[in-house]
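Before we start, here is the structure in question, set down as structure tokens.
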Amino acid sequence: MSQESSLNTKSSAIRTEEMVLNMGPQHPSTHGVLRLELALEGEIITNVIPHIGYLHRCFEKHCEAMTYPQIVPYTDRMDYLAPMGNEFGYAIAMEKLLGIQVPERVDYIRVIMAELQRISSHLVALGTYGADIGAFTPFLYCFRDREKILSLFEMTCGARLLYNYIWVGGLSHDLHPDFVRKTREFIKEFRPNLKEVNDLLSHNRIFIDRTANVGILPVDTAINYGVSGPNLRGSGIKWDVRKEDPYSVYHKFDYDIPVGEGKYGTVGDSWDRYYVRVLEMEESCKIVEQALDQLPEGDVQSAIPKRIKPPIGHVYSRVENPRGDLGYFIISDGSTSPYRVKVRAPSFVSMQIMNELCKGYMVADVVTILGSIDIVLGEIDR
Amino acid sequence: MKQAEEILQILKANFPDSNLELKTDQPTEPILVASPLEIDKLSMFLRDSSELLFDSLMNLSGVDEIKANLLSVYYHLESTKLKHKITLKVSTDRNKPEVSTVTEVWKGADWHEREAYDLFGIIFLNHPDLRRILMPYDWDAGYPLRKDYENPEFYQGMKVPY
Amino acid sequence: MLTEFGKAFIFILMAIIFVVGIVYFAKLIRPARPTHEKLKTYECGENPEGSPWIKFNIRFYVVALIFLIFDVEVVLLIPWALVYKDFGLTGFLIGGIFLVLLGLGMAYEWRKGDLEWEKPKVLPPSFNKTKAAPKVEKELVEV
Amino acid sequence: MGFLDSEFTDGNIVITKAEDLLNWARLSSLWQVSFGLACCAIEMMATSASHYDFDRFGVIPRPSPRQADIIIISGTVTLKMATRIKRLYEQMPDPKYIISMGSCSNCGGPYWEHGYHVLKGVDRVIPVDVYVPGCPPRPEALLEGLLKLQEKIRNESMIKKTA
Amino acid sequence: MMYDFLVDLFGNSALANIIAGTIQSLLPLFVFILPFALFAVYLERKVSAHMQDRLGPMRTGWHGWKQTIADILKLIQKEDIVAKDNDRLLFNLAPIIVFAGSYAAFAAIPFTSIFIGTEVDLGIFYIIAVTGIVVAGILMAGWASNNKYSLLGSMRSVAQIISYEIPTILVALSLVMISGSMNLHTLSEQQTGYAWNWYIFGGPGSELSKFLLIPSMLVGFLIIYISTLAEVNRTPFDIPEAESELVSGYHTEYSGMKFAMFFLAEYANMFAVSAIVVALFLGGYQSPIGYLGDLIGAKWMIPIEQFSWFTIKGVFFVFVQMWLRWTLPRLRVDQLMAVSWKYLIPIAFVNLIIIGLITLL
């Protein structure tokens, strides 16, 4: 209350007891098994302690026991909404360590797959975000489009969700003959659907009230926490690994990086982070179309080494995943299985700002902020 | 845009007494080795000095070098403003692993350090809240990612091995 | 002869009897296998800490007060609304002045900020180069 | 002690007829606790989306276990999560069923050998009715698992098995 | 009318009155509310499904029409858990009060010209007072189930329902000013003839004041529809049982038949609220285009036609509530209070004064 009124001073003078509320592992809107311990005063939050580790599947221990090609299916299961992105990151890191140059066609197919995966992951993010705020129908419209992308993936590598498609040095299968035609069809159908979800949710007055000016993340705090991806771009800085630290053939396409401008509130609020993802899907469509036009011919399995025995050394490389930049740090001791693999998961890093962002807001806003930073628990707990 | 050697010279100029050396023998990027108890002063300087401006900690990972009986920590730093990167390495004795924390410098290091403590047992001095992050809080069977780790037989009545 | 309100009372009675009847009928059919774990309150799979029966926020006291004022106002207006037409303009003025006075009362409360519900008291997160994360002060930053 | 608790010895006509009706009611309105663990949860969400509709079989996601009859364990059960799942299962009212979806919750899946924090199969903690293989199982496989469970409920009987 | 017929049937003694009273009060429950609740739950699932490109229940009977019967039969078999440290008395009392509160509103709603629960003269005033009891029931449910989520949910619902009762009363008051009586039966009688005589188009008669009333009547209709949406906790005001934040609000701890009672009370309340809006503004059981019974002279057909018109209008507004639920997101508590205190109540005030002046002309 900007000015203290007599009634109010009397009411806030009576100290209300603090209540500890568990938004526990099983909660409709914690995007998986994450426990948020909220210290509440009435409805206002004074402290948020995230407890993670409910899905810790010992990825790094498995990497030390498996050989290099066997690790690829495990990287899928980390960020299970963008498995192509994880495999792409692992392949880029290994090729840097081994010094392999993959044929042009492999690079183009990898970019197409990564961008299609970005669209499908953002669709899930927008859908669940709408459902968290209360509008349930956009969730199903987003899943309807995502099913089309999954059928494209299923046509190329036979799996709907976890693909083991991008190997070190190449791909497991070449493209299906009418993959190119079907992808163009999908993109032509997808653009009006995206506009439909936009009208239903993005510019809806109640949605704007619920998300604008909620969970404001200033740029310097974001950089200090190491936040990356749409969460960082929502705060107004044009930072994208595909442009800053270009890998594969991204330098061949022209696309721009959407940035949060604070259209309905201050820059860096939940609405900006949400709207950056909607615009990014548009950019990914552009990239896929350009990649399909310039798709060269060639054998996709020519550069796959028979036995991977990298020299003793280490490599750190990163890739722009839908949730931020995913880094792989691989140390090899010359044998066929790595000595140590450490994954820098973007959700693990952006989860730390929850406490800073949620202080002073209400219980309903915790759900909004958690939905806007779009985390996946498989990646946080690895 | 500075290379690793120039960064080493700047650091040596500002920290004459601490032993810093650059190892470039292994493939891909060179590593700058520093001493574990000075890492927080070093990183405060790395972030605040005008030529370096390392304002973002990309990755902090613990490694168990059992052959050399060491537990080492790798820091991958990056400067978003000057677009250059550096890798720091710090190693401590395996039985009494102590490294001073860098959470004062980069807030993002908080959970990375808690994970290194949880999976390797590296103790970060004056870390705001050093407890296990991924494993259950009452996990008393040691630190899982160490090379010489054995599974406990039972945990709260559930059989752990297959 | 049942008065009108008597019939209304029978309505409520029938509803109560219906609910009690159905719940008791279900009690005969459904299984009852209480276990210790089942009888603990549910909180997303966690052991609830502390009891929810605490002094809850006093925000409702203020809203209840304002509600009371307006509710009493409406009760007074109802008889007037029924018969004011017979007295023409003077009849209307009586109620009209009462309404205008109440509107002033409401404007006063609005200006005083009593109608403000518990707005989030937000301090945008900022890390200071020197000291640790700032404590959230109680005063409000107008969002 | 309700009617459903008592065991009957002789199966006369009334009992079997009432039993069929109660079984039909139970199997055609299974309310599911909206609870997903890992990658299989995304496939479960795809199953309840419009392409493969869970609602056709009368399955609605209910947020609180108190109003649910079926819990689909979709994803890897870790040791830290196992105690919570046991408590969730206990807090569900009584005629309740479990579908273990995906090889992670069936037997530990790809994490059986080196997963120090993974529980090797959710049936070590709670009694499972139907196992759905696959990693992750396709939505059709989950629907088939649901049909298998409905078949199992249809044959449930209150008459004590003599043999 | 129906009541007198029943009393003569049973010999006009005090006992006959009681019997007639019970029959008359049970009639809407078993003939209308229970079948309507079953149909409404099925309608909601089908409407939401087709709105979201899905099919909805298909397996139980043709297009799943037996789905709600299966739900109710299953809920009867479900075990009813009362947690150890719940307040047992309040826990069991809450569903009774919530259902009684929402069912009592049906006493004063005129289904047809010959059947009305009670001819009580304070029709609207009685309904608003009785729907206030539901608040006590929800508070009891939230407090007794000793669960932090249900406590938060019930606290929010108390704040929401009491602050949305005022716009409802103010708009109902403005209508009373025009019609001069509070009994819903006479209100419906006054709106006879074609749709042009309904109150939403300014009420019967054809002087200048009728046309001047139309704009403020539309505003009043909007205000009362929004605030009755909030009274019934439907989106965008379904904060007390917000699935995504408070698990399922005040009925988190309820299972089995008690939960079914909450479910039934919610749907009965939905219809009661839309029935009130229809009775006040859209001519209750009056048909917009005259009666078939009049044309072919069969007097006995008119009540049936009236009843069907009444249900068509009521179900249409219930459909609009469902339509809103599956498109609009949910408001936050302080925005919800701001809507009521800062927008609806001032507009209702001004509307009241304008209507008062116009009716004087």
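Letters A, B, C, D and E mark the chains as written, and numbering starts fresh at 1 in each.
Operating definition for what follows: contacts are C-beta pairs under 8 Å (C-beta built on N, C-alpha and C of every residue); 3 or more make two chains touch, one makes a residue touch a chain.
Source: prediction; values computed, not measured.
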item	value
Given chain A and chain D, the chains that contact each of them	B, C, E
Far-end chain from chain D, centres as C-alpha averages	B
Chain nearest the overall C-alpha centroid of the shown protein atoms	A
Most distant chain from chain E by Cα centroid	B
Pair of chains joined by more contacts [C-beta pairs], C-E or C-D	C-E
Whole-Å gap separating chain A and chain B, where each centre is the average of the chain's CA atoms	25
Centre-to-centre distance between chain E and chain D (centres being mean Cα positions), rounded to whole Å	37
Between chain C and chain A, distance of the C-alpha-averaged centres to the nearest whole Å	41
Centre-of-Cα separation between chain E and chain B, whole angstrom	64
Shared interface positions of chain E, touching two or more other chains	52-54, 77-81, 148-149, 243, 247, 252-253, 256, 333-334
Contacts with two or more other chains, residues of chain A listed in rising order	19, 22, 24-28, 43, 53, 56, 58, 61, 140, 144, 220-221, 224, 362, 365, 381
Where chain B touches two or more other chains, by residue	107, 134-136, 144
Residues on chain D engaged by chain E in the complex (per definition of touch)	4, 21-22, 24-26, 28-29, 49-50, 53, 55-58, 60, 62-64, 66-67, 69, 91, 93-95
Residues of chain A defined as touching chain D within the complex	24-28, 32-33, 53-58, 61-62, 65, 73-74, 77, 80-81, 124, 139-140, 143-144, 146-147, 150, 160-162, 377-378, 381
Complex contact set, residues of chain D against chain B	79-80, 82-83, 108, 112-113, 116-117, 119-120, 124-125
Residue numbers on chain B that touch chain D, as the complex places them	134-136, 144, 149, 151, 155-156, 158-162
Contact footprint of chain A on chain C as seen in their complex	43-46, 48-50, 52, 54-59, 61-62, 65, 112-114, 116, 118-127, 133, 136, 140, 142-143
